[in-house]
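Presented sequentially are two complexes of chain A, the first with chain B as partner and the second with chain C.
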Partner chain A sequence: MSEWTRPRHLPEALEILAAAPGRYRVISGGTDLMVERHLAPERRPDAWLDISGLWELQGLQITEEGLRIGAATSLEAIRRHAEVAAHWPMLAASAAVTGAPPIQNRATLGGNLCNASPAADNAPVLLAYGARLEIVHHHGTRWLPYADFHQGYRKTALQAGELLGAVWIPYPPPRSRGYFRKVGTRAAQAIAKVSIAALIEAEREGMIQCARFGMASVAAVPCALPSVSQYLAGRAVRDIAEAPVRRGVRQDIAPVKDIRSTAAYRLEIASRLVLEAIDPRAARKKEDGV
Partner chain B sequence: MSLTGAPAQRDQRADSPARVDGFAKITGSALYVDDLPCAGGLFGATVRTAMAGGILQEVIFDPAMDWSDFVIVTAKDIPGVNAVKLLENDQIVLVERTFRHAGEAVVLLAHADREVLGMALKRVSLVEQLNPDPIFDIDEALQAEREMIPGNLYADYLLNRGDLAEGERRAEVVIEACLRTPAQEQLYIEPQGMLARVQANGDILVEGSLQCPYYVLDALVQCLGMDKNRLRVVQSTTGGAFGGKEDYPSMIACHAALLALKAGGRPVKLIYTRGEDLRVTPKRHPSRTLIRLGANKAGTLQFIDMDFAIDGGAYRTLSPVVLSRGVIHAPGPYKCPNIRVRGRAVATNHPPFGAFRGFGAPQSIFAMEVAMDRLAKKLGMDPAELRRKNLLRSSDVHATGEVVGADCFAHATLDVALERTHYHQRLAEYKAWNAAGHPTRKGIGLATFAHGAGFTGNGELHLASRVSLQVLAHGHVEILCSNTEMGQGAATTLVQIAAEALGLPMDSVYLAQTDTSRVPNSGPTVASRTCMVVGDLIQKAAERLLRRLREAADLPASYDAQDFAAACGRLHAAKGDALVTAHYHPPAGMLWDEQTFWGRAYASYAWATYIAEVEVDVLTLETRVLDFTAVQEIGKAVHPVIVRGQIEGGVAQGLGFALYEAVLWNARGVMANDRLTNYIIPTSADLGDIHVVLLEGGLGAGPKGAKGVGELPMDGPAPAVVNAIQQALDIDICQIPVLPEYLLERCAAKPPAQEIPTVRREY
Partner chain C sequence: MPTTMRINGKVFQSHSAPTARLLDVLRNDCHLKGTKEGCGEGECGACAVLVNGKLVNSCLVPLGQMERAEITTVEGLPEDSALARAFVRCGATQCGICTPGMMLAATALLAEHAHPTLEEIRWGLSGNLCRCTGYGRIYAAIAQAAGGPADV
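On to the complex of A and B.
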């Protein structure tokens, strides 16, 4: 049997982790780890550190700059939070399509990031919003742009003894619009074949100042689209051509064929979704129609 | 005869009493096989071949492991015949030397600790020599030089009516297509499992999750070499089956019993994990159909020519019977003078395919119905109109040569379905929608089909089913039959039929536990036969019972439950025989020639028209079912709520077949996506509304004219959905499931869309 430790306070948890770096597998909602425990009993850790009792990692706070979400906050709490829905609707949407409601009740935002699946449902949105991570250790706290968190397949920037403490998300700039879409294997209880979030900031009518993307299931890690963002920055919408955008997408992602989809589908659909996120014509048409 | 529309007008509560098994299931007190107490028992597990057929050279038990705590069984321990009893003794119970597919059982282990057992499995290694060139494809098997069996054919059938050459001469419009359907997993909620124990007197009791207790009994007799009377098979509460628990429980029962024989009196529980169940138990046969249809310009069918082949996997199991049903259903409910259907069941190195709701018919009906839409398109005719021109009517001649009687409602179902869905209006609306450049395309597609209930041809005669009713002294009546409740509602339906025939309240009648030491063989619970065939036997037994109570115990002509109980008391006091039995007799005119597929194949056909309305996202090519209408003529709905449940559930399973469920094979021919997270079935969020319309012609062979219901809903959804998508996107679809990846390939063949389609989700 594995050992199970459930500290009540964050300092206590950090002390336990610092005293025996690498010994504990950190668990909160368990919606990923319990499945793995069941399917791969040989990979069961000797010791679990259950952080679901740490009040310091719970809850959402609105600050002047934006939003701080404790890493062990459930996706259900995020999905239902009025401020999230008002200012970060893409996050409410991604939380709502993570698994299904019973999973959202247990699963945490921090767990979704630390599990480090290339298909993590909430990763694209956090990349698009430009989130920062608060990483805590017995010796202190550091901050890391979320874009630097995933370092390779299932590999994160967390060091031994560290915990993900919170996710900070700034207010989206004024005159920005978001686009989020998850293409899953079905409508619920699905793992993404492709998912995308985009935050596009327009300087003035027709001119893109900054466009930030996050995608999942199209590379070994959830990834941004630096080439596409670079191409778009400072460009008028009417000057945007399809071919360079497609080229950028091809450069920025590395889709593979796996049990859920094909590389060809992922590349094509990723390109189409990026184009749709960028193109405001439809929105204008829609407004005309109203 | 009048056709009654929908029992909505009837009192639904009176017609649809609460399920007799409902309370125990919703309160959790029902015991599934893994819940059965097993004090001091052992758990069993199976070591399996890894290669796709070959020769087993050696079994090595890790010498570093202490094996003294384990019960170990190999082929040498089989007292009887090393073959699973079914149509032919070709499937082995445990591999001794040669084997045909990956996943065949070689060594059985049992131990008191499940975790220890799990680790021990990895400490047994098999040295296998792979057969060169394993075969996983139907046409490859037909052309291969390497033969697993002669011609790689388990069965080769020909249904031939009229003169194909004459049909070809008369045809003015001809279409040709190659259509494929994949394997499909039944995905019952409860994985398979058995509990076996040797009793004090040496008799063996096997309990477990199963559909056909007498199949299991016969398999045990053969494998253990024991007398029938010393073996007892009991069905535990069964959490779904859909055909998946028709043949394979015999295998697991033999394994569990072999372990129990060596376990020194301790019971042995052999329960499959979900992954193991998905990898080794039988699924729906994949199929490949080459089809040609010819019609005159007016749309009258002149010929149907089909080459229908199914992948039987590595052993024969039920494949010839599946093939036979597929062949008979292939030409659909259409009148056509010239028909040729060649059917072949092919040997490959996949684990054997088996029974699954529809049993061959969904495969061939899919081909026929998709081809009908291709023909309509080529004729420039509405698909509904083409069907109307060709659907069978009473006194037409069916493909098997039978003259269709009064019990034919193909046109009625089509008319009702078109009206309910406002088909023609929708068709126009969707056409306009698709022309308007929206980000989605919509389509409406239909399938018309019939499904025969009960065993094919003389099958019921061979089964010679018997059902008994036993009256107890206090006036309760027990139904003794071997038919199983597996979630489908049979227990309630059978009790309801008996109670109604006896004029008793439902709670005076109950279904005895399915236990071969008590119940007679009333046949397997398959082929949509339970309500129709077994229900009819129950009704006949009830009539006989009433006659006996009148003659021997003065039951008054008009009686209530108390009078009935009093008569039962008198019968018992007089030591009269309290058990009556009814035997199956075929309906008149039930002649069938298995060689030529000529005659009356089924006692009754049920008729249906299904209509699917779909929306395809042009950007991602995901298909959503907007609305689904299932119109079915089923003779008589004995329990309308259960009937609707059967149809809604079957449609959901059929939509899974059409759009989501893809069995992916690894290089060894075993299911690779062996988890519920990557074998995708639709959730309630994926299904649109399902509208069920029941029509009751009252002419079926069952009680009050009832016919089989359960398999029909598996036949129609896939072709209806595919026809709708073909219409929406104006492309040809040749296989299911219609995954977005497949649509992307198909659409790539068309000129690329100029417009970037737009589904916006703005925040």
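On to the complex of A and C.
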């Protein structure tokens, strides 16, 4: 029978992890791990560390720089938070399309990142907003740009003995706009075929200063679109051509065929979504045949 | 160490492992068979119950997190209620597998929105699948239970 440890305080949890690095599987909301445990009993760990009782990992705080979200905060709490809806609407939106209410009531933001699915619903938004992670260890805390967290398929930058403590999200710059869309088979409870978030900055006289993207289900890890961002920086919206954007998307993503979709569908939809994110009106006109 | 919970208002101690699914504890330890297992992976809502007032899929909840929790299953809902009568009147049940989860999702929804819009009903029930009725009658029953028209 697996051992179950449920510490009450963060220092106690970190001490347990540091004393036996790699021994414990960390669990909080359980919405992914309980499925895996049930469907793949051979991967059952010897020992579970249940961090759902750690108050230090709970809740949202508004600071001068932005928002700090404890890693074990539920997606429901994030979705309902008035400041999140006001300043980071893409995060409220991604939390609201993660599963459905009974999932959001249990699932945590940190769990969604640490489970490290290439389809993680909240990953694109955090990439677009330029989130940073607070990673805690018995010996201290380090900060890591979220963009550096996913190091390979289901492989994260977390070292043995470390826990994801919190996610920090800066205020979006003034004159920026966001675009978020998840494409799945149905509105609720679907795993994304493709999802995208974009934060497009300061279009003074139609000029894009900076465009940051995050995408899921289009590569082994949730990823940014560096070539597309580079092409867009400093360019006027009217000078943006479709072909170089499509070329950039092709360079930046590596979609695969799986039970949910084909690689070709993912590439085409990813390209269309990026074009729509850059210029929502142009994309809509084209769809309407205007 | 046993886990002590309050299930449908009664104190219950389970000696199952902390890794046991709440679903199995309810069905096998408590003999509350109203909670159904559909998919066993959090997709269908047939096993939905309320934990401390919140709708959850009991197949995804480890017993180790349930110490001192207040749990409501379909057996804990009143036998006769506006919701139960509306389900009957509107034909909101066909094969019945999804019904307990639907009733609990509706209970959670109505606790928050006493007079929900159709959009709120659809959102509140979006984690529960029904393969018979096509949802329309279930939505109608909830609207009617909330005192609204049954023709949503």
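Here is the rule we go by: the second predicted complex is superposed on the first by the 278 of 290 C-alpha atoms of A that agree within 3 Å, B and C clash if a C-alpha of one lies under 4 Å from a C-alpha of the other, contacts with A are read in each partner's own complex, and residues count from 1 in each chain.
Assume contacts are C-beta pairs under 8 Å (C-beta built on N, C-alpha and C of every residue); 3 or more make two chains touch, one makes a residue touch a chain.
Nothing here was measured: the structure is a model prediction, and the numbers come from that model.
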Inquiry  = By the touch definition at the top of the document, which applies to A:259: first (chain B), second (chain C), both, or neither?
reply    = first
Ask   = Once the shared chain is lined up, is A:279 touching chain B (first), chain C (second), both, or neither of them?
value = first
Message = Quick one: is A:4 in contact with chain B, with chain C, with both, or with neither? Answer first, second, both or neither.
response = second
Task = Classify the contacts of A:89 with the two partner chains as first (chain B alone), second (chain C alone), both, or neither.
result = first
Message = A:269 in the overlay: touching chain B, chain C, both, or neither? Say first, second, both or neither.
response = first
Task = Quick one: classify A:12 as touching chain B (first), chain C (second), both or neither.
result = neither
Note = Max touched-residue count on chain A (chain B vs chain C) belongs to chain B
Task = Look at A:188 in the shared chain and tell me whether it touches chain B only, chain C only, both, or neither; answer first, second, both or neither.
result = both
Task = Classify the contacts of A:65 with the two partner chains as first (chain B alone), second (chain C alone), both, or neither.
result = neither
Task = Starting from the residues of chain A touching chain B, keep only those that also touch chain C in the other complex, and list them.
result = 39, 100, 187-189
Chain C to chain A touching residues, read off their complex = 17-19, 21, 40-43, 45, 48, 54-57, 59-62, 64-65, 105, 108, 123-124, 126-129
Task = Spell out the residues on chain B that touch chain A in their complex, using ranges where they run on.
result = 115, 118, 275, 619-620, 622, 660, 664, 672-673, 675, 677-678, 680, 682-686, 740-741, 744-745, 756-763
Inquiry  = Give the list of chain A residues in touch with chain B in this complex.
reply    = 39, 41, 89-90, 93, 100, 177-181, 183, 185-191, 193, 242, 259-262, 264-265, 268-269, 272-273, 275-276, 279, 281-283, 286
Ask   = chain C touches which residues of chain A in the complex?
value = 1-2, 4, 6, 27, 30-31, 34-35, 37-39, 44, 48, 50, 52-53, 76, 99-103, 105-106, 187-189
